[in-house]
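In the two complexes below, chain A is the common chain; its partner is chain B in one and chain C in the other.
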Partner chain A sequence: MTPWSLIPHLLTSGITIGAIYALVALGFVTIYRASQIINFAQGEFVMLGGIITFFFLRGGGIPYPLAALLAVILVIIIGLLLQVLVVYPLRKASVLIPLMATLGASIFLSNTSGLIFGTLPKVLPPFSGERPLEIGGIPIAPQSLWVLGATFLLLITLYILSHRMLLGKAMEASSTDPLGAELVGISRNLMVLVAFGVSAGVGALAGIFITPIFYTSYNSGTLLGLKGFVAAVLGGWGKNGGAVLGGFTLGIVESMSVAFIPSGYKDAVAFVILLLILYIRPKGILGSPFIDSRRW
Partner chain B sequence: MVERIRREFRKRDLCYLGALLLLPLIWPDPHLHHLLVLAGIYAILALGLSLFLGYAGQISLGHAAFFGIGAYTTAILTTRYSVPTFVAFWASAATAAVIAYLIGRPILKLKGYFLALATLGFGEIFLVMVRESRSLTGGVSGIFGIPWFSLAGFSFDTYLKQYYLIWGVLLGLLLFAKNLVRSKVGRASLAVATSEDAASTVGIKVAQVKVGVFVVSAAFAGFAGSLFACVMSTASPEAFGLSLSILIVMMVIVGGMGNLYGPIVAAIFLTWLLDILGGYQEYSLPIYGVILILLLIFFPEGIGTRLGIRLMYLISYRGRKKKREEVQL
Partner chain C sequence: MLKVKELTVCYGRLPALKEVSLEVQEGEVVSLIGPNGAGKTTLLLTISGILERTEGRISFRGEDITDLNPHQIVTKGIGHVPQGRHIFPTLSVLDNLLLGGYRKRRGDITDDLEWVYHLFPILDDRGHQRAGTLSGGEQQMLAIGRALMTRPTLLLLDEPSLGLAPGVTEDIFSAFEEMNKRGLTILIVEQEARFSLAISHRGYLLRSGWLIKEGPAAELRESQEVKSLYLGQGGKRA
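The block that comes next holds the complex of A and B.
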């Protein structure tokens, strides 16, 4: 089989994983826009979403939609706790300290999950049947369509939240000018808390959608989180649209690379892209509203 | 020369040195010797990173990769080409330094989170390369049978001998670092850490200083990696992952930024802590995560720095109190 004949398959799997990267990237961007903090534990929300759903479904015998809902609520609570216990006490520290603290939280969350739910990789049943649909001669798993649909819906929801609702505008205001926002009665801490909740929820949903396709184990969150960050930088740091575009681009490129280079190098592709984009065009494909500020 | 040495070491430092020399002899426990050997290697790493993080004010989450480059250079040179370990030791540092120079030019333009992410990405790329180029690095299982470090026919084959070797190297590097910090480059890097704009207006070539410090700190990591390969006699990719990078950065933070002795003390402290945590089996990593967060929340400027300030505050408070009482009288 020549590499070219694999391309349609790789494209569909690339789009699917790209959607997941996009959701992780959206989580990063949501928190950053409200607090100028980068939460390196973002990938753990994804892992926890998948694994907690699995736990409720298999261990508790709870119906699928309810298990997923419970998992999302639990992960949102974990996200809020992360903000209250780790990020809030460090709100005045310089860049390095919150960065290391969220990395510490990531170590804690992934290993605690391994401790509670076991270290074996887990897989959820697909939402609607295993039989692949044939579209134009290419078999597509129904789960991929679920992932795409969900990403689209979440993107619209987040767009409405951040650009059309008072809450989103308040969040952005508290990030661009904390003092000014406080003066007009926006509580910065509340905004950061809401941002952590939203991004944990988005991450958990990503985890629930991805676990039927890819195995999720207690330590798969870190790499997923990092790739989501790469996607956010690639598309244009700080923009929801950029996060989605970057996610799909990264997913497709990474998946395509398998046809041309040994598959073991796949995980390096994202980081090579990262180094290239940071070197050539740090503001990403769509450009970034934050990148020309002095702190970069 | 004597004058010079006297200037370099105060009496207090000589006490520390004596304690370090005698410690393994007083306490002949092989496990302790092994821990101290590990702590010494981490201390070399942390010392190098302290120059970059504490003095030049840049973030690197990829130092485990330079450590790994050092270890693999030694491993490949000694096992494949039977190069003497002493030569491989220098070659390791040189390789790490050259690679740091090559990636430093583009990467160090970045700041803050983005620099952290780029260096982290470099570390991940290194890991993938090591795992995949099996013919050179032995893939996931790594390289075995690296000879002990030997110098002029004398082989460092027990933990005790390795202890003296590593702490000797550390002492040499500490002297180098102390001199570097007080040199023109050291002062320039402090200026860069404070404000890049201000530094460039007084004629400091910011990019050059940053790359220079990065290269030196990578060379330190290369030395440490070479020693690590000789002590462990194996090199496998697991040892050089993100968790090691996090650990080294934590050593520098806990030891206090902009301080050369701090990272060494912190290296001993954290190595000891990890050893104790190792006894809790599967609970060790969650506890480790919590301890990291607590250290960052309560001692963001390092345990030593905070302690010093607190002590001074306490003393001055008591002084003020005394004065107040005198005034009242």
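The block that comes next holds the complex of A and C.
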């Protein structure tokens, strides 16, 4: 088998994992836009979504959809608690301190998950069978289509939330001009809380959709979170469109790399991309409203 | 209506306001004048709950509001047009106004919107433009309109004439008079004391955090302190 014959398979798996990176990146962006905080516990939401669903399904014998729903609700509550217990008390500290705190929360969440649910990797059953569909001669796992469909729906939902609903506009107002927002009665703390809830929910859903494809263990959130962060920077830090573009680009490039370099180096690809983008174009593909290009 | 009692506010250990007491009666326009750094903006931001006071109490319509959050104070009926306008530049003009009505139910805001458009028709024309692209005068009108959308009974205005052409300033001040005729109480901070005293009933003079003079607007306008401080005429330097 030559490397080239692998390309179609690698492309489909790249798109699938790219969708997950995109969702994680969107979680980063949502929280950053509301609060200027980089939440490094973002990947843990994904891990918890998958693992808690597994726990309800296997341990509790709860039907799959209900188990997934309960897991999403539980992870949203964890996200809200993260804001209330960790981020809110540090609201007057400089930005680096809440960032460190979320990193700490990330370690806490993954180790707690390991203690409660065990350290063995978990895998969920696919939503609709395992038999691959043939599309244009390429076998595609039905779960990949679920991932893409769910990502698409979530993107539309987030778009409507942030551009069509007053709540989303209030979040934007609160991040662009906190004083102006407070003076018309938009509480910044409430907006940050909503952002944590939304990000946690999106992360949990990503975890539920991806766990039937990739094993999820208590410590897989860290790497997923970091890659989602790379994706958000790659696409253009702070932009929803950038997060999506960056996610898919990273997923595809990373997956394709396996055809040409040993697969053990796959995870390093993301970080090489991060280094390159920071050297060459720190504002990302689409440009970033938060990074002043004149400084570089 | 508004009672500020012996208010002291500090930035770190440095006091910006020292035992300031003032009152605004229902239906009044009251000017708060004083040079740069006198503490005028500090006073307004403390009334709105943005800054924390060190000593003293603030009450509004007989209710103590000293320890309320900014968003609670807005719902009590205190609107605030901050210095520098602080509009939301990335959102449309209409969205800026709708966010002013954020704390109210949807059906309630049409009347408020009509009232704002009556005062500043340009905001209706520019409804779908991004607020950041408006001229300085239009942005000031938007900031005032947005504060009116919170349906205040007391409006705090911080340097509304700052950086505006004289013609625009006149338009905005005549809008203030019209708002006051409709029953809105106004507390206005201005460096251009001429403009604000002309539409005010009473005034307070603030200097380096101390309240040094108060009285009817006409009287204040004629006083030596005010003349020498602002109007560049009379006083010791002449």
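Everything below uses one rule, namely that the second predicted complex is superposed on the first by the 292 of 296 C-alpha atoms of A that agree within 3 Å, B and C clash if a C-alpha of one lies under 4 Å from a C-alpha of the other, contacts with A are read in each partner's own complex, and residues count from 1 in each chain.
Throughout what follows, a contact is a pair of C-beta atoms (placed from the backbone, for glycine too) under 8 Å apart; a residue touches a chain by one contact, two chains touch by 3 or more.
Keep in mind that this is a model prediction, so the values were computed, not measured.
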{"item": "Which superposed partner A:68 touches (first chain B, second chain C, both, neither)", "value": "neither"}
{"item": "Which superposed partner A:105 touches (first chain B, second chain C, both, neither)", "value": "first"}
{"item": "Partner chain(s) touched by A:185 [first = chain B, second = chain C, both, neither]", "value": "second"}
{"item": "Partner chain(s) touched by A:115 [first = chain B, second = chain C, both, neither]", "value": "first"}
{"item": "Which superposed partner A:177 touches (first chain B, second chain C, both, neither)", "value": "second"}
{"item": "Contacts of A:193 with chain B and chain C, given as first, second, both or neither", "value": "neither"}
{"item": "Chain C versus chain B, contacts on chain A by residue", "value": "B"}
{"item": "Partner chain(s) touched by A:169 [first = chain B, second = chain C, both, neither]", "value": "second"}
{"item": "Partner chain in contact with A:243 - chain B first, chain C second, else both or neither", "value": "neither"}
{"item": "Residues of chain A touching chain C in the complex", "value": "166, 169-170, 172-173, 176-177, 179-187"}
{"item": "Complex interface listing, chain B residues touching chain A", "value": "53, 59, 103, 106-107, 109-114, 116-118, 120-122, 124-125, 128-129, 131-132, 242-243, 246, 249-250, 253, 282-283, 285-286, 288-290, 292-293, 296-297, 300"}
{"item": "Chain A contact footprint on chain C (complex, rising order)", "value": "48, 50, 69-71, 74-75, 79-80, 82, 85-91, 95-96, 98-100, 102-103, 143, 146-147, 149-150"}
{"item": "Chain A residues within the chain B interface of the complex", "value": "38, 85-86, 89-90, 93, 95-97, 99-101, 103-109, 111-112, 114-115, 222-223, 226, 229-230, 233, 262, 264-265, 267-268, 270-272, 274-275, 278-279, 282, 295-296"}
